[in-house]
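In the two complexes below, subunit A is the common chain; its partner is subunit B in one and subunit C in the other.
Presenting the complex of A and B:
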């Protein structure tokens, strides 16, 4: 048998794994309209449960009952719960809102599963497969019963789901509910029941994929499932998120492509190695840019969507004068208290924690620009921050440049990269743009960060603290004050942008790209500006983080800038309020302070404190559909209304917030 | 709008003109000046209790604290390092402690992998410990903080950050990941291998390790490096790589991967019936053998502190096994042994510093040790240069997986270590205790 054919055949089982996950993603999108980034997390739930049930030290169940409980009972139950508790209320929400909610679940679900009183925080050695893993030889090539089961299940899934959607009323109803739940109900179909079934089916698929895939890993961790999901997304996008046979074909093609690349390209070659590492993500990125039909597909909509009017824009909320005065007074008093506490109260530990929170607040302002102002979902903000940090460290190390100047240059480098990434944004929007930025973030982490030219040598590069006008910021208290001043400066710049011509154009674009274009403004130029400014802010914050840590390299990257951490950042800022500066600042401080307060002040164990933080951050995103303006802004508006009512001066000019998911008859 | 931007740019330019880089090295500002030659401490001195003004020291106790990645995504029981340190302190305290004081492990922080620098800072400024030990973390972002503070710090050496600063110590001395070392060429020679395969991950530390392996076989060409590849991190399918190794006639495969990678490779070798031994960098873990012993059978591991299974174990190892068994929840493994060794080095530093000890004196005392071996567990570390310089010879214990257990195969009773010169062109080897 020629080598090439052998390599291709060897890629088929892995291709079926990709296909299985891709089919699950497509199934979920097709039946619920949700690009479910939490699919891997759902798969992990079943895999972890299956492991626990089979673990001889815990339950020691045989294979069949363990599969029945973890795949046939637990997985559909999780799907039913997600539908009843969340997605049922989001059917008419925009796709981006559903994506944000799935991102929240992606963060929260594994943390919940890993709680000690559930399945345990420690990673688990992989469970045995549902079938034997002993080698079987077919045409001289080894495989195993477990791999054959995976292939068979993938093939049967394509056939079974094809029949379901083409030959049964239920399949038709599931698709109809996604298109227009109201229209479906008018046709006498119980949309809620059909929607629940769709979620139970897709969740069952996630469970099946989880249990079949688990034995591939020597250890069972949620991150592995997420990595697999990202790779499988390429196959799902190849299927335009709707065609199950094409998802299957895409998965197989990806598996075979990887095997061929490993077999045919020269081994032990930097370019070859880099290419193979990046293949699934490059394919995803390329498909998003050039695969015809993706943009057209996003244009579909519910013919009865007008029944649910959109919520009022934040611009419509007129802040009363007293609120502005109160805000400024509180901010001033808070600043005085903060400076006094910095100089006299905080010990070195809390100084460090708060400084980190301030720097993250600065970085989070980049989310305010790109998501809050421009309405573009970017999942690669951590990569931009890392670019700024690496550039700062390399410049200081190689040229001896002043660190503050290096931070500004690093911000410029990040801005250039942001503008480059924005070019795809000219062709994409919504969930596809989010996916493109996610693919870039993963590529950055897997391909660029390991390069010495990017991240420096194995040992961290030293990055000194700044020396400004004779003040040595090696002192941690002085450095915290410097960071606070820089945060105020960048926040001021963001406010200048928001209130200026560019900001108004960006805000208008967020509401309607078509409307902006009809005014003669270039949406492409606006997107490039938004991404470039956002990346510059993130890059500047990254440089500040490098000088804060006094070093930069791959370890600092791992601790601060991984793409997964970047996802949590975006979820957190969107939850708290991506459209306002206080949302970003609250997010930055919460990210580091919440866990530390739980642990160091309230005495919660470190493991539980970390889990609870991520669970709350993740679950917070579930409020996004109801409060797209963010929790901070929503509570501010609520406070204003409350006070106004008590002063017997109803705010006639302030529109009342409308719950976009509440039934029409329940609205004021 | 343009005017506003102009103001912003001008402010930035002015700030840039006025700024430079701090050259402050706070490590020079902390602690006492290093002392000169330390006098010999008598047994009587070890019980002498004199007032000491140092963080974490009271009339009755010397307090230390450590940090571990207790919450981690890998199957690593790094918190066992605390148990190992506690076992050593229990042993010392049962003999009356030192300088009339008990050794106390007062803080066991969890850095959750990514909060290392903050937790190290917390040990210094909140727990106010005399020394940081053990550090058993997957990332050591707090190295700079500890180095700047000039606090004696002891840990598990898996990160390059352990090299350099004079107050950072570990359980095995300096390691150079990308340097030529003779262990693998020597092993290939001993088992009669002629063609070697090398698998690593396409990530930096793994790539550095692979570079070291290549240099090693270039310097000591006991076997031909017939196949080498770097796969994406976490790769779960190595079927093509194993197929190509078979084509290349590989009869010994060495890896720069984690335990997951070793298990994946071992499964594929078995599936393709390629019966060749695997040298595994990170697989010295009995629990791994309990789960995957059948596929890892015949593989080799190298341990630099003596492995727990060496015949006729040295005194230090016997003490370790005796005292670790008394600590609730403790297991005798690589991590608890690392914690024990950290505590041992710290104790010997205290002894060297004398009754009027300080942090700086402990650091200075250790840095004058030319032959630390923890009663036979460690292959003679010379701390006068082993912060950032490779020793002239490599020593370790090579074990083979046999019937689901690690069996030291080249150790001799009382001489567990196989030592080979790093500098000689020939492989000159001897067994040492």
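Presenting the complex of A and C:
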């Protein structure tokens, strides 16, 4: 069937773009151990810059200088800056810490680009391609000069990379670093220089991909670049994050597969359009479930890994008894003040804002369980919350069940889903599990939410406020008190779990999966439990959000539960303190209060307030490298130390640089 | 009676053969030494026997049953415990908590429902068991300290205690004395002998410290470049010229 061949070939340009980003991912992962989730965002930076430079209303530059500035200058400069300012200092940090930092950038960078004075809020039609996009026919295949340029540039880049590796001194050093960063250091190679170069190179690839791909979208939006990121991640995982040729092949294969799905399947069928958009996520998820050989590299396959100094411990701090007492009294006093304020002081507007903050705090406790206790990065908490909300709304609508009961059932549904999502955990750990949750989060939004079976009818479903013990919580003050009580209840449960057998086992697993397994505990089972409990909490909170809004449907989803918002949640909680209840509550309240204070008190426009808060939350994650225990906890510990004047082994003082030439385990 | 028997264990990493057709046996209550120069494959062998790595060839029998592809935690439940050369302690947790986690894992105690009901309480019998092991290892004074603040030697003892409290039939100890000075080593050797004397446990011990090996092990197996180059009674093997060449010559 010549048609099939033609469709397949049409997928090659897109495949090349995927491949470029995938190669960048592999390159930085191998040279610096960072799985950089921000490459999609970096591609977006170059695309947006290119667009602005070419836009006749802004700069109106011709193609060549625009490409030079946006791809050849800006992209490597960004990579250099990120390495210099951040990643270089994280070299011995655990992979998950590096992932968190890149997650913060993933959140912050698109928001920065979208600021009014940068990309502006005008209609962002896709920029013109680097070459003409008029259809031409080459060997009977419908293509365009732009697509041909895309393919040629990609192939040349890969060949250039190959030459660089084989023929130049720097390339040789890079290959050595890829084999064993520690070994290279011992051999006197300047790893900083090599790392810098790798970052510039891979950022260049991302920028190139961004500019090449932009014309293929109808509009320039950051969301499309998440799709690009997922596809590139799929190709990179196919390459097991180590093989550049395989990353290239994987990218092309994915582009071709997508084009085939688009061309061969009937276009008017819901299932087939769904299939096309789901392909990269499904491939990524499928690879994570079944692709052999992923586990070996999860902990870094460096034969010299043993000489690394141990990573600074996140919790080498025992809380004195008086601190616990003080905490409890403060929490109690705060609660009393809060209740009085609720009943007497807040007006309707602030009542609404605070209620939202309290419900979010409850949802954020789900992050406390999965990230804080179990040490697993989950990026699909918003999906769990949404499932709880959708389930609550539909149960109430269809069966007329009481809202509170429906919320509990919704939590159970979310828990089942959480356990399912954790299944890759039975064989994977760390960053791969995080990727699986990211794939699921994006897939949930793009594929599952549009389905009626998941989100219900197109109209918003009405969700009543609960009626309990003769109190009608339609009253907003009463409802806020109810939410606060539920928050306290869930916080209590989380604390009980943390202090119990499960919490201890999870905490142990956080620092040593091997140690836990050697005691006879199944780490897979522990992770499934953590995800299920976490999803249940998120789902319950989602249901609460639905009754708060008095309705649920796709609009409420868009306003509260998008996967991007979910990323911000996780970043925020991790930044503030993922292990403690105060961390989650501070997070929930700042999430809403921050932007309202900007908007209502400082008079910033609503969109700007939204962007600014997301940018700050994202950039906040950069402090994670220094304070893995979170800002709130770090301040608490400082306070305790100040008061007790007794050094309680601060993690900051742990040795961070041990002479690599003196391996701790060698015998004299 | 033979407790553990490994036959023809072979493990390759990209390019190198880390283990080549290795046999190892250990009787009940026996202490076997496993020695060999750096990079000989000792840790890799432990990893293959405990299920961390899957050998490319060979079989591992425990109490006569083939362990096949059994996962680490399932082997642990059969009574195989270990310590690690690169310590695998639980950061931020106290010494007591390490032993408590191990004890509860061993008894399959706890779980979400009991977490909610018990409110984090520790049963007196649990405290007794933990304290008994702590006392035996001389760790009672450090019980409530977080492991991050401990010295290397104490950390190794915590790993030992964590392994012993699971009442294993067999413990693999990977360089339990590395990083300790002569006096500390002698102390730990004595502790280990005492702990072994009152338990029904066999030990396979990787150690570079020849004196310690001589004190503890009746029998040793010598690995070099992934092959067993000698095995038998400790004193005979240590006299073997091939062993001296491969190993002792390098160290002394």
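One rule holds in what follows: the second predicted complex is superposed on the first by the 601 of 668 C-alpha atoms of A that agree within 3 Å, B and C clash if a C-alpha of one lies under 4 Å from a C-alpha of the other, contacts with A are read in each partner's own complex, and residues count from 1 in each chain.
Just so we're on the same page, contacts are C-beta pairs under 8 Å (C-beta built on N, C-alpha and C of every residue); 3 or more make two chains touch, one makes a residue touch a chain.
All figures in this text were calculated on a predicted structure; none of them were measured in a lab.
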| item | value |
| --- | --- |
| Touching partner for A:529 - first (subunit B), second (subunit C), both, neither | second |
| Subunit B versus subunit C as contact partner of A:521, first or second or both or neither | second |
| Which of subunit B and subunit C A:493 touches, first, second, both or neither | both |
| Partner contacting more residues of subunit A (subunit B vs subunit C) | B |
| Partner chain in contact with A:505 - subunit B first, subunit C second, else both or neither | second |
| First, second, both or neither for A:610, with subunit B first and subunit C second | first |
| Touching partner for A:43 - first (subunit B), second (subunit C), both, neither | neither |
| Touching partner for A:373 - first (subunit B), second (subunit C), both, neither | neither |
| Contact residues of subunit A, present in both the subunit B and the subunit C interface | 493, 496, 500-502 |
| Complex contacts: residues of subunit C adjacent to subunit A | 38, 50, 52, 71-74, 76-77, 81-82, 84-86, 88-94, 97-98, 100-102, 104-106, 109-112, 114-116, 118-120, 144-146, 148-149, 152, 162-163, 166, 175, 178-179, 208-209, 251 |
| Of all residues in subunit B, those that touch subunit A in their complex | 1, 4, 8, 11-12, 15-16, 18-24, 26, 70-75, 109-110, 112-118, 121-122, 124-126, 139-141, 144, 148, 159-161, 163-164, 177-178, 202-205, 207-208, 227-234, 236-237, 239-241, 243-244, 247, 259-261, 263-264, 267, 270-273, 287-288, 291-292 |
| Contact set on subunit A toward subunit C in their complex | 306, 313-318, 493, 496-497, 499-505, 507-508, 510-512, 514-523, 529, 533, 649, 651, 654, 664-667 |
| Subunit B partner contacts - residues on subunit A that touch it in the complex | 3, 6-7, 10-11, 13-14, 121-125, 133, 135, 142, 144, 216-219, 221-224, 227, 258-259, 262-263, 267-268, 273-274, 276-277, 347-349, 352-353, 356, 396, 400, 402-405, 408, 446, 450, 452, 455, 458-460, 464-469, 472-474, 489, 493, 496, 500-502, 549-551, 554-556, 558-560, 565, 596, 600, 605-607, 610 |
